[in-house]
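First, the structure itself, so that you have it in front of you.
Note that the chains are named A, B, C, D, E and F in the order they appear, and that numbering of residues resets to 1 at the start of each chain.
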Amino acid sequence: MPYVNIKITKEGATKEQKAELIEGVTNLLVNVLGKNPATTVVTIDEVDMDNWGIGGQQVSELRKKPKP
Amino acid sequence: MPYVNIKITKEGATKEQKAELIEGVTNLLVNVLGKNPATTVVTIDEVDMDNWGIGGQQVSELRKKPKP
Amino acid sequence: MPYVNIKITKEGATKEQKAELIEGVTNLLVNVLGKNPATTVVTIDEVDMDNWGIGGQQVSELRKKPKP
Amino acid sequence: MPYVNIKITKEGATKEQKAELIEGVTNLLVNVLGKNPATTVVTIDEVDMDNWGIGGQQVSELRKKPKP
Amino acid sequence: MPYVNIKITKEGATKEQKAELIEGVTNLLVNVLGKNPATTVVTIDEVDMDNWGIGGQQVSELRKKPKP
Amino acid sequence: MPYVNIKITKEGATKEQKAELIEGVTNLLVNVLGKNPATTVVTIDEVDMDNWGIGGQQVSELRKKPKP
């Protein structure tokens, strides 16, 4: 009966990758906690890079900087 | 002062249906718990069917299968 | 398949009141959107009054003030 | 290591305003609780006005009414 | 940079099981989407069985019923 | 009308610190976006350190390690 919400930046995750996330998280809950997969719900939020911050900065700005 | 978040798959809920959800949930909190409707907030997230999984599968795939 | 999260202040909601909320929200989603109740999930978070703010103030402080 | 989610109605917040929110919230957590900004994450959800209710009514409808 | 929230009913998940969930979800995001584990955050909410409903009923009540 | 949820590890934040977070976030939304403070809601979740992971590890374990 678990509910899982995954938030990622919107950067082109494919339908197949999302399917892998959903299947993988569901299997993990079955294997670790013995949960019933039939009522395990997973939702994925894809968040615009202007709307995601880390270290006080927008990801859309961080992506422009050269990596050290 | 309650806050309610409703997540549904994005499948064409109309503005009128959303209004009914908002009104219905607010009334429920007033009737059951005596909450003040003026500060009761309801948000609705419509989630792409590729981004919603149940039973380890994407809803976009489940919808394609014939019902038993 | 909807998922609903209800946040209320922790002020002694009874088990019966929570059951009413769960049943009421589930029925609302069935009636308004034709959702399947079997996979409709509702969770309730009861939040300490020190941890809930409105108008920039903690509810634990607001509750001490006389009503106008 | 905090995680902050800000939900606002979708009404044209600019990239610069979102940057201010992200920076401001991060600084607040550093200043008040001594949190490490490098692992402080902030996400902003912009919610359609049809999908946001207060007082039992959609914001898209409330915005049409004259202010008293 | 992903953020994952896992909600499960409070039924005695051990510290070790929670560690497995955290490690497993983080690895999944690294393997499927190439995310940086260092900034991948996972939180687990354990929800009282009176506060979790499915099919319109509290889990605390469902657990009492004999399985068919 | 914004809604803000702050998640922090449960490590003894005081009532006064929580009040500062609530007031600070509310002021930020008023100053940056011109939001109405009266309907701005802030909730704080304090998460057990066993239930929070970063870099694939529980914070309760990370706290035991010497800092480099």
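One rule holds in what follows: a contact is a pair of C-beta atoms (placed from the backbone, for glycine too) under 8 Å apart; a residue touches a chain by one contact, two chains touch by 3 or more.
Computed from a predicted structure; not experimentally measured.
Two copies of one chain, subunit E and subunit F, form a contact in which under half of the residue numbers belong to both partners. Using the mean of the Cα atoms as each chain's centre, the chain most removed from subunit E is D.
On a Cα centroid basis, the chain most remote from subunit B in this structure is F.
Counted by C-beta pairs in contact, the busier of C-E and B-C is B-C. One finds 26 Å separating the Cα centroids of subunit A and subunit C.
Averaged C-alpha coordinates put the centre of subunit A at 20 Å from the centre of subunit D. Multi-chain contact residues of subunit C (touching two or more other chains): 1, 3, 7, 25, 39, 41, 43, 45, 52, 54. Applying the touch definition to all chain combinations yields A-B, A-C, A-D, A-E, B-C, B-D, B-F, C-E, C-F, D-E, D-F, E-F. Those residues of subunit E that touch subunit D in the complex are listed here as 1, 3, 39, 41, 43. Listed in rising order, the residues of subunit D touching subunit B in the complex are 7, 45, 47, 50-58, 60-61. The touching residues of subunit A, counted against subunit E in their complex, run 1-9, 13, 17, 20-21, 24-25, 28-29, 32-33, 35, 39, 52, 54, 59. Remark: subunit B residues 15, 18-19, 22-23, 25-27, 37-46 touch subunit D in the complex.
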